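Below is one structure, written out as structure tokens; the observations come after it.
Per-chain numbering from 1; labels A, B, C and D assigned in written order.
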Amino acid sequence: MDMRQPQVIYTQPGDTQPSDTSLGDLPLDARYSAVRAHTLALAAPLSDEDCGAQSMPDASPVKWHMAHTTWFFETFILERMEPDFAPFHPAFRVLFNSYYNGVGDKHPRAQRGLLTRPAMAQVRAYRHDVDARVARLLASALDAQQRAQLELLVTLGLQHEQQHQELILTDVKHLLAQSALLPAYLDAPRPAAPPAAPLAWVDIDGGLADIGHAGDGFCFDNELPRHKQYVAPFQLASRLVTNGEYLAFVAAGGYFNAALWLAEGWDWVRSQGLKSPFYWRCDEQGAWTEFTLHGEQPLDLERPATHLSLFEADAYAHWAGARLPTEAEWEVAAASAQNSELQQMFGHCWQWTSSSYAPYPGFQVAPGALGEYNGKFMLNQYVLRGSSCATPDGHARASYRNFFPAGARWQFTGLRLARQA
Amino acid sequence: MDMRQPQVIYTQPGDTQPSDTSLGDLPLDARYSAVRAHTLALAAPLSDEDCGAQSMPDASPVKWHMAHTTWFFETFILERMEPDFAPFHPAFRVLFNSYYNGVGDKHPRAQRGLLTRPAMAQVRAYRHDVDARVARLLASALDAQQRAQLELLVTLGLQHEQQHQELILTDVKHLLAQSALLPAYLDAPRPAAPPAAPLAWVDIDGGLADIGHAGDGFCFDNELPRHKQYVAPFQLASRLVTNGEYLAFVAAGGYFNAALWLAEGWDWVRSQGLKSPFYWRCDEQGAWTEFTLHGEQPLDLERPATHLSLFEADAYAHWAGARLPTEAEWEVAAASAQNSELQQMFGHCWQWTSSSYAPYPGFQVAPGALGEYNGKFMLNQYVLRGSSCATPDGHARASYRNFFPAGARWQFTGLRLARQA
Amino acid sequence: MDMRQPQVIYTQPGDTQPSDTSLGDLPLDARYSAVRAHTLALAAPLSDEDCGAQSMPDASPVKWHMAHTTWFFETFILERMEPDFAPFHPAFRVLFNSYYNGVGDKHPRAQRGLLTRPAMAQVRAYRHDVDARVARLLASALDAQQRAQLELLVTLGLQHEQQHQELILTDVKHLLAQSALLPAYLDAPRPAAPPAAPLAWVDIDGGLADIGHAGDGFCFDNELPRHKQYVAPFQLASRLVTNGEYLAFVAAGGYFNAALWLAEGWDWVRSQGLKSPFYWRCDEQGAWTEFTLHGEQPLDLERPATHLSLFEADAYAHWAGARLPTEAEWEVAAASAQNSELQQMFGHCWQWTSSSYAPYPGFQVAPGALGEYNGKFMLNQYVLRGSSCATPDGHARASYRNFFPAGARWQFTGLRLARQA
Amino acid sequence: MDMRQPQVIYTQPGDTQPSDTSLGDLPLDARYSAVRAHTLALAAPLSDEDCGAQSMPDASPVKWHMAHTTWFFETFILERMEPDFAPFHPAFRVLFNSYYNGVGDKHPRAQRGLLTRPAMAQVRAYRHDVDARVARLLASALDAQQRAQLELLVTLGLQHEQQHQELILTDVKHLLAQSALLPAYLDAPRPAAPPAAPLAWVDIDGGLADIGHAGDGFCFDNELPRHKQYVAPFQLASRLVTNGEYLAFVAAGGYFNAALWLAEGWDWVRSQGLKSPFYWRCDEQGAWTEFTLHGEQPLDLERPATHLSLFEADAYAHWAGARLPTEAEWEVAAASAQNSELQQMFGHCWQWTSSSYAPYPGFQVAPGALGEYNGKFMLNQYVLRGSSCATPDGHARASYRNFFPAGARWQFTGLRLARQA
């Protein structure tokens, strides 16, 4: 339903560990500057017109992402901690609230593309103003408790902004696909991908495992508390499903075989007349292309299949005689000794699991409006694990829980197969 | 989404064990006759007009339930095993198929109420004909393998028909509520309910538990395989939430407090302008009534609150400082030594859990069209445990997994609270 | 939007004059009995189940037609004029109000098929009771003014009931078409139709004409006041367009040629994927059938094409190099000396005109709820002239204005071509 | 449905004659330059962001208006007449086609706001390129027939562009109203309006009148052929209904009185919960404002009520004991000797008539795609006469037929009362 995550325009994808260009080592004020600057870098290839449009209710304009991430700092930090706080603009409290009922009214989500005012220049000024005030606050004298609270909230705001960085890329991709000109976001040619390795099945032992975030580093509330789960032994595929493999499913009539689909998936695929993944196109000569951030490209059979809904991922798994992993299985595998045998765990595509998004046992909702961050979305959504090519460096980790409804296709979402041991 | 279950017009509700008037002890042919006769008994208070109408796409006409349960025996037993099989009517294969893609076309679900032809008399004749043929088959000489298969399929067909018996009652209740006359299904006065016992919190130990159906008795595929799950210690309420308790939530403005609701639940409750449970009505003097199978009645504060959606159950639990149990917690509690302290586990209301409906580890789908029975519905639905006042005797058990989408309200669905130990 | 008209199960269609089996000569009490009895005769071939179902929001159950026409007499006559009036049932005032805001609340139109209570038997009792009371009132001593008012209202009620008699037939036809059994309303075989005469163009003089109802006979408010309109000379086709002619349009790709359609018609035809008239079906061998009140029949190429929307009628006329007549042209032609050259003016199909339904200059709305009869529907509807095979004898006349939205297809609606002189 | 007309940012409104700053006297090439430059002037107060957004499917982005009007010249003139024609950009043929099926595919209307590419700069270049080529063509040697055809098409293209000039203003107003900032299109303060004159009833003789465009000047196909209509004597209000008068209707509960509304209007007003005209707002102290091109302003009781749907205009007329004029009445009045007694005929608001938009007797559709200009929209739309404050100078005339569906409110649409003589 609601959404987070963007990115450093093509991370070096890590295989067994998330990539990290060590933003984490920077002091907080430098980290703040780096993350905020990265958002501007993502918008750099775009015109003001590009930044204003909203291609569907699930996506948001880049301008809105830029303003909303700033609103987050203004509302949850400056308003609480700045002496003599005054809002940059009183109307922005409503205009750039995403879903926090505790903060008050919201501009209707589906009409974010109609906000030609405030103009991009004004939103840039808003960012600039808030940045200066946050920097001032970080440099000010605070008692230890205030300091700790400030650092916690700034860290949260940066993680939040990184989530929106991934969304900027997925939303821009969706927008550009609406024009018959099929324009590229990135001028550079798409780098070649290496051939996919042969798929191997990795045995994972299972047992009574500890699930959830451990250690002192930042995590979201939905990764806690760490708790026990029993996981039976199983096998996990060594890599993601490729475009080439998925094309074989398409060619075998997979989109027209009811037996492979969940009931709701079958209604979904038939009512929309779908025949292939999002952004794929088959020309009159039968050649397949995929729309990418580099514009339309020949379908690369070696790359992981992406922009799949859970429905499509699940149907493919059935067809392949396998199934999706649960999120606990995925996390156990990532923490296991067999981890080194698993490729493409991070930095390629988010990987659908069969687990619905639910609170961990003992989950605590934070008090106040910030408590609306995760808990209220824990229904009719499914968990994805890993990270994608659009996830900012340093943002991913093995306990990270991304989530989307089963029909979402505009994110960089793919799949890794599992099966009984 | 899709649906099963009806009932013996008011079971004696069991507290710690499901009620069983021991249909299970009868030989299969007698059990067949008894279950089939019970469906006719449920239709007895209704006119042919009543039996033909469909009050919403989720519900079905009684006539359709009567024909579809018969179609199940004809299609999955007679067509496979009867020598010289000929269908009772060739069009019925399409008209009374519910959702089995493997069987062929289906009449559109939302238009079942337009099937004034075949007439009720013809559907009764259809039942009579199939009953005679099933009886003949049961009495015929078969080899051991055929006999075993036949008994398995007849048992499945009867369990399926019992599911529809509960649906007949919930669907009739919904239909009768559409008329301004608010007619009663049952002429008899509603029996008085005893006062609710004080609510106690029962400590359940948890640990590494075995979940799923055990033993030789019948169960559905979704209750298997029996497998291990770790359940942390927790507390479960000794009884269901009552109408009186739920009314306090209504009076406290629960339907207007966003902080209590899941995001999708809040959209649901606001877009429909809901203020109270389904079938409740507040007259101009502020007196509350509830529509029942006995017609409209004063709201009985001592009875369990029912006809709640998962959204409402979850919001109430938040308001009460508690939560819903998971389905594993419910099943562990039912099997625990503390079972005797738990009241109203069966025979009152189905109890919402926070668990999404998903396959157990190692779940096997049956081959052929019968494999469509459960697996394909395992998405965006939530599990309910126990049984209701409308569940036929002998149909409930502790491993039973009922399931509905979060917004379903026309079933007899209530809640039992849980909380951390 | 709202609706009137049924029929004597196949009138002898008149060509130049409406058929009249001279109900008009009967005294009012006998006319009352005859019209009311005819409604029962129309329902005679139907079961109670058939009478309760509503196949779409635009159609109504037969039971509802039977009750609503009775409600009309009870509300507008008995309630006003009966001493010690008491309603037959207080809830019926709401349940069987069609659209009269002045009378109070209404049961939702789309849910008329859910009124299994009151049962058919109760509706028959309602008719019987009201009939007896109207008869008593007609036989009672009244002063001249009361007598005149009573006779006016009874006449209006009978005309209203005759409108519903036509609707009973069109609505039943639509309902029966929903079942895969395609049952016949009438058991008798469909009578053969004579070959269509060659189409001739009849010159109509035009000039400054008097339009609207003249004389003392009954007419609806929308036929008044009689007024002047200037009509230029034109030509009118001597007969209706036949199924054979319309089939040629279908075969020529008419449903796929945007140039022939009104913009809204093209959206309508494409969004619904239409390829032929309502009730037509082409089997796998290419043979065309049409569903009729006698069940499914081979398409009769000689009969007038019927069940056409205005969109289809207009597109056909474009294709044929002609146009639809205006309603004034139709009425002028019917009153002209050339009338005798015109066939099929009455008793076959209602004939679409290009005239939107609008008040005549000086149109007066009656005071009170009865004033809602016609005026408030005069928007986005188009006028049809003549009468159909389902119009009751004695109900048609040259000044009669039937009207439906441009997309309506379930009425007996066809077309007659016109062109410039 | 589809749409035309914009304007010289506040004409001097004519009373009895349309205003004309005599573009008509200019030679064609100078007229071309003037009209094309005026479109740019209308966009001058707007950012590129403003120009890209589409606030609803009925409205279009300013950028799209700028490109589409250029596409019209390119497609209907350059492509036909330019030697060695090559399109400015091949994709523009699809992207900027509005509704001409004869020209080929179209970009979906509701997604015009997603065309961030081509950018505004590219659309300006497109205009520049086409302007130069049209100028070259106008200056080139052509035979008389070609010259005549060219002049006809250029004139048509300019009239078409003027229609879009009015739409630019109405669409921009609608867009700016979506932002909580309620920004002004025009920085200048709103000029004061003079007090409304007392309303007088002007007697119009009627009789057999000539309706439709006469003379040599340009007109659209829908104004032809000139033909006879009989119009009975009637009275027409001397001026438009004012905001003050309309506010009295609002205050009298007009929006809550079903008896005043057309049936479809009542559904419309209730389903949307409307209480006042579009752009009106009542603050918590009960003070009324209206959103204008000068931003939000106090409601000016002396100005004509505008942004009314036909439903609202008709309901007001009922309430006032009057009715709307027919379009023939309006045109007869404008041509009558009493014309001088009629104020505000042009330059204030388009005036709803009760006439549905229909072809005049003998109406001829032009061959080819240009024939799609008017004829195919002649259904379920109603005619407006006069012109508005947003209509370009020189564009209005007494025979002009503007048209919109009955629920359209975002145009400058008001009403003038009529009544029987």
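Note that in this section contacts are C-beta pairs under 8 Å (C-beta built on N, C-alpha and C of every residue); 3 or more make two chains touch, one makes a residue touch a chain.
A quick map from chain label to UniProt name: A, B, C, D = Ergothioneine biosynthesis protein EgtB.
Bear in mind the structure is a predicted one, so any value in this text is a computation, not a measurement.
Asker: What are the chains that subunit A and subunit D both touch?
Answerer: none
Asker: Which chain maximises the distance between its CA centroid and that of subunit B?
Answerer: Of all the other chains, the one whose centre lies farthest from subunit B is D.
Asker: In whole angstrom, how far does the Cα centroid of subunit B sit from the Cα centroid of subunit C?
Answerer: Their C-alpha centroids are separated by 46 Å.
Asker: On a C-alpha centroid basis, what's the spacing between subunit B and subunit D, in Å?
Answerer: 59
Asker: Which whole number of Å gives the spacing of the CA centres of subunit A and subunit B?
Answerer: Distance between chain centres, rounded to whole Å: 38 Å.
Asker: I need the residues of subunit A touching at least two other chains; which ones are they?
Answerer: In subunit A, nothing touches at least two other chains.
Asker: Connecting every touching chain pair, does the picture come out as line, ring, star, complete or other?
Answerer: ring
Asker: Could you please write down every pair of chains that are in touch?
Answerer: Pairwise, the chains that meet the contact rule are A-B, A-D, B-C, C-D.
Asker: Over in the complex, which subunit D residues touch subunit A? Could you list them?
Answerer: Touching subunit A: residues 47-53, 55, 63, 91, 94-95, 107, 111, 113-120, 175-176, 178-181, 183 of subunit D.
Asker: Okay, in this complex, where on subunit A does subunit B touch?
Answerer: Residue list for subunit A touching subunit B: 1-2, 99, 101-102, 208, 227-230, 232, 258-259, 261-266, 310, 354-356, 358-359, 361-362, 376-380, 406, 420.
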